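Structures given as structure tokens follow.
In the two complexes that follow, chain A is the common piece, with chain B as its partner first and chain C second.
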Partner chain A sequence: MSASIPRAARAQRGVVLFTLLALGCTITLLLPVAWMATMMVKPEAEMFARPTVWLFEPTLAHFEYVLEAGFLSSLATSLVVAGASTALVVLIGTPAAYAFARFEMWRRDDMFLFILATRMAPPVALVIPLYLIYAKVGLLDTHLGLILAYLTFNLSFYVWVLRSFCRDVPVELEEAALIEGYPRWQVLLKITLPMLRPGIVSSAVLSFIFAWNEFLYAFMLGGRTVKTLPVAIPTLITAQGVKWGEVAIVGISALLPVLLVVFTLQRYIVRGLTLGAVKG
Partner chain B sequence: MASILNSESLARDARTTPSRRRTKGSHFGYLLIAPTMITLVVVGLVPFLYAIYISLHDVPYGRVGEFTGLSNYRALLWDGRFWHSVWVALVFVGIAVPIEFVLGMLGALVLNQKIKLRGVIVPMLFVPTMMAPIVVALLWKIMLAGSWGLISYNVLERLKIVSETSVFGSADLALYALILIDVWQWTPFMIIAFYAGLQALPLNPYRAAQVDGASPLQMFVRITLPLMMPLMAVMVLLRIIDAFKVFDTIFLLTGGGPGNATESPSMLGYKLVFEFWKLGEASAFAVIIWVLFFVFCNVFYQIAKNRLKAF
Partner chain C sequence: MATIQLDSVWKVYGAVEAVVDLSLTCPDGKMLALLGPSGCGKSSTLKMIAGVEEVTRGDILFDGRSVASLEPGERNLAMVFEDYALYPHLSVFENIAFPLRLRGFSQTEIDKRVRQALALLGLEQWSGQGVKALSGGAQQRVSIGRALVRDPELILFDEPLSHLDADQKVYLRTEIKRLQQESGLTSILVTHDQTEAIAMADQVAIMNGGVLQQIGTPQDLYAAPANVFVANFIGEPPINLLTGQISTAGAQMHVRGAGWSVAVDRAIAAQLSGALSGSEVILGIRPEHILVAQEGPDETSIGARFFYRETRGDVDVVLVDLESRDAAAPVRLAIETPGPMKIQQGDPAALRFPVERLLFFDAGSGRNVLPSLQA
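Showing the complex of A and B:
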């Protein structure tokens, strides 16, 4: 009894120590983000002060500018482009992911490698020919052009990750239903799809986030009328200087919805981001 | 020696997934993959083939001119600028990825101890990873701006690393600042992934090792590392590929400068189109990069799938 008390105390000290270490590092890591958040309400003059001004009278001036500068239309563009491309990805990609997980097919591994390659290809290598093609067929600066371009990395990503989820759905259930005489497509709709829901939702969410955060395609293929948030933010860098308060507001508000979804789906998100290498 | 073999076979056991029976010879499968394959051929393969076509021609003012064979490739490969951009990417990847890997593993091990508040810490770690890279770039501009940047003024100037200028204006330091940003953004994700991997490890090998009186270090080297191998390999390869493609932060913070000190391949590709308007060379560039990545992907796939059974 007497020997076990010091050991328990030592273990307790270990818990406190490691907790403080982990918490301390995490908070330090997020200090830049917190600092950026304070700039949302920091008066312009005090942002550039030397020495650094830590305490200040908050102002709402930056919010007014953001509302006037047409960021709401960029927000709408971002939602349309990311939303439509994600919807397409789910529609086209879900059956493919299932088929890759279940069926023996001619050169399946090669086809799958092709999918991985489109996911991995550097955007700059794709965007150059796409730009030239778009210029010819009139897809530059259109919603459709961007939505199609996002299919390159998102469709391949979605199929790759969802396949790993599909492999977790027990084949036995489907086989039982087939023996009962249900047609294949009904088995797929009524049995497999409901069990795949977490996989579909989290892979779709990640596709949405990738499209939401994407800059290079949006910048090169979009432009004046189709301007997503990541492209609109750098326009706050003006000849007169950078509107930092506004940058902070748009940057932080673009991040918030993403975080909200990610927190609720944590486990599945990790699996998606590691391309299925971690099973949640 | 025997115990090493033993832990390896344990690792293999843990990795084999439950039996997967596949349905044979069905047209249903082809029907299901057809839309995806057609889409990817149209948005992926067609541009690639078009890039090959363009790269073999002279392209004055955006119009495809006469066939010039491999001269675009020659112009690109004989130009030191291309190789310099590859070098920049190699330095970037070679420094950033090992740091992210080691810090990620250490962080995951700390997180895997008995600690409190894990429910607060893990979600916070998602924040940098989920930020749009363009916002990350601006965030670090706020940190490292000349004269008023939070870190510039309060840390770098005190340490006499810069004086009222930005690190992004220094040919020696700019690349390291960009590496720091990459480390900041991706280390937390490495931590989360490795932590998830640690959590998924089977307990039995550890119990057996404890009975045999193994030390924590022995357990880490002989059980944890072999079992984590597939995940570690996938994460490192993924990061290498993604870090090689870095564009947003460079575009916004240095534009490839000063001079071309931070000009990564993506940055060079962008400039070939929009600054130099050399579309033929840009297409040749795209083809070379693409072939390079395809080879890399193939190796990645073979290793991850056949040797490590990671997917």
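Showing the complex of A and C:
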């Protein structure tokens, strides 16, 4: 008995220490974001006052500028491009990954490596040829152009990751359902897809984030009428100086959709990312 | 219900011949066990019957009709898997209801049937739960419930007990057998465990390297094994095998090896020498058939020395070394005796091999050359 009390106390202290540590990390990470958030409504004059001014008269001037400068359309463009390319990736990539995992085909492993090879070249190396092709076929500065560009990038990543998820679905489950009389497409729909959901969601989210943050392709292949947020932000570096308040607003609004996606799908993402690690 | 017939079935994966020219029949309402070591093609055979693997050559017939062109779902059979193959995203109830949902049963009919299955297998209290939380035994009962719920003509069991604890194993073994007999379900059981096959099946087919070795009742396989492989595979502790030759000493014929000899009838000896491909014979005698006495040998018995005694509770298994000139490679035999036997290592022993219990195999082919002796 006497030995168990200190042990319990020690455990308790461990929990407290760990919580403090986690809290410390979180605050350190969030502080710049919070500071950026205050910048959204900080008057220009107090922006870089020393010491930092925490109490000030909030202003909406930055918001007005951002709206006038058409950043809403950039937000929409980013959403459309990242959203549509991710949707296409899932639509095309899921059956492809399944086929690579399950079916015998001619030179399957070679083809699979070839798919991954599209990711091995540095993006800069591909952007010039892609630019020339796009210029020929009229895809420059179009939504479709960017969607296709991101599709080619994300598809290889998605297929590569999802294939191992597909392999983890025991083939006996599908055989059981086939024997019970379900046609193949229903087996896929009712058994395989539900089991793949964590894998699909987490790889789709990573694809989305990649497309959302991408700069080089968005800048080279879009940039005039089709302007995603990462491309739009540098326009706030003007001849009169950097518009920090506006940068903060755009930055925060670029963060929000990603946060929203991650939080709503958190359940699947955590399962998806740890699936390979904890085999059960 | 159906009679299942395999007619010269082959399964070839690339360069691997998993099943070689397999022909066998499982009579209506009976349980047939496919028994063999790992990788001998048991699962491949089962998957071909189920229709999830193509038959490379040959034909499979249900009640005389070929099912080669039928999809797995059209064969009206159910399968129970080694790893249960339950749908992890569905509850116990929904797992069992799953085959019914496709067949357009009304919700009340589904309820009724699933409840029946749950009750039959003692699973009522888990009904609404996810399947992941259940013990292995309970999961396997759910999968048996899923198989039974739609009254299939045939149930295939692929090593259904191999991942279970010993007590669960015995319990579920009896349970499966009881359900199978009560409903008169034709079933095929795949296992690598001879105890399981013997306890459950009406007929046992023994396979090795994709080739059928023998099919028969457990008694047949035990008493008259077709070859050395079958003799070795059935029985625990395994059969003793001794290599020897036929020799004549005056009027008496003997089968003689290093440190042992057994007198045999002239008739048997004649049959033997006619059937053997060479001069060597492998003599088989089961541990429970050797008579052992704690004394020095006389002219009718074989001399040996005790090596070790292992008690099995009801019986003793003693290991003895035959007395031979070649002390470096002693011939060691296992003997099952009604114990307990007080022995010291090195004590003399006298062994008798009752001639009616002996099995004779051709040393070249391993074939049983006098199967009629025991049958």
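Observations on the model:
Definition applied: the second predicted complex is superposed on the first by the 243 of 280 C-alpha atoms of A that agree within 3 Å, B and C clash if a C-alpha of one lies under 4 Å from a C-alpha of the other, contacts with A are read in each partner's own complex, and residues count from 1 in each chain.
Everything that follows uses one rule, which is that a residue touches a chain if its C-beta (ideal position, glycine included) is under 8 Å from a C-beta of that chain, and two chains touch if they have at least 3 such contacts.
Keep in mind the model is a prediction, meaning the values are calculated, not measured.
Of the two partner chains placed around the shared chain by superposition, neither chain B nor chain C is touched by A:V226. Judged by the touch definition given at the top, the superposed model places A:L30 against chain B, while chain C stays out of reach. Of the two partner chains, chain B is the only one that A:P129 touches; chain C does not reach it. In the overlay built on the shared chain, the residue A:V66 is in contact with neither chain B nor chain C. For chain A, the partner touching the most residues, choosing from chain B and chain C, is B.
Residue contacts after overlaying the shared chain place A:A176 against chain C, while chain B stays out of touching range.
Contact residues of chain B toward chain A in the complex are 17, 20-26, 28-33, 35-37, 39-40, 43-44, 46-48, 50-51, 54, 62, 107, 110-111, 113-118, 120-135, 138-143, 147-148, 150, 153-154, 184, 188-189, 192-193, 196-197, 200, 230-231, 234-235, 238, 241, 244-245, 247-248, 251-252, 265-266, 269-270, 272-274, 279, 282-283, 285-287, 289-290, 293-294, 296-298, 300-301, 304, 310-311.
Residues 47, 50-52, 71-75, 77-79, 81-83, 85, 87-89, 98-99, 102-103, 146, 150 of chain C are the ones touching chain A in the complex. Remark: chain A residues 11, 14-15, 18-19, 21-23, 25-27, 29-30, 32-33, 35-36, 39, 47-52, 92-93, 95-96, 98-100, 102-105, 111-118, 120-126, 128-133, 135, 148-149, 151-152, 155-156, 159, 164, 167, 171, 184, 209, 212-213, 215-216, 220, 229-230, 233-234, 242, 244, 247-248, 251, 254-255, 258-259, 262-263, 266-267, 269-271, 273-280 touch chain B in the complex. In the complex of the two chains, the chain A residues touching chain C come out as 170, 172-173, 175-183, 186, 191, 194-195.
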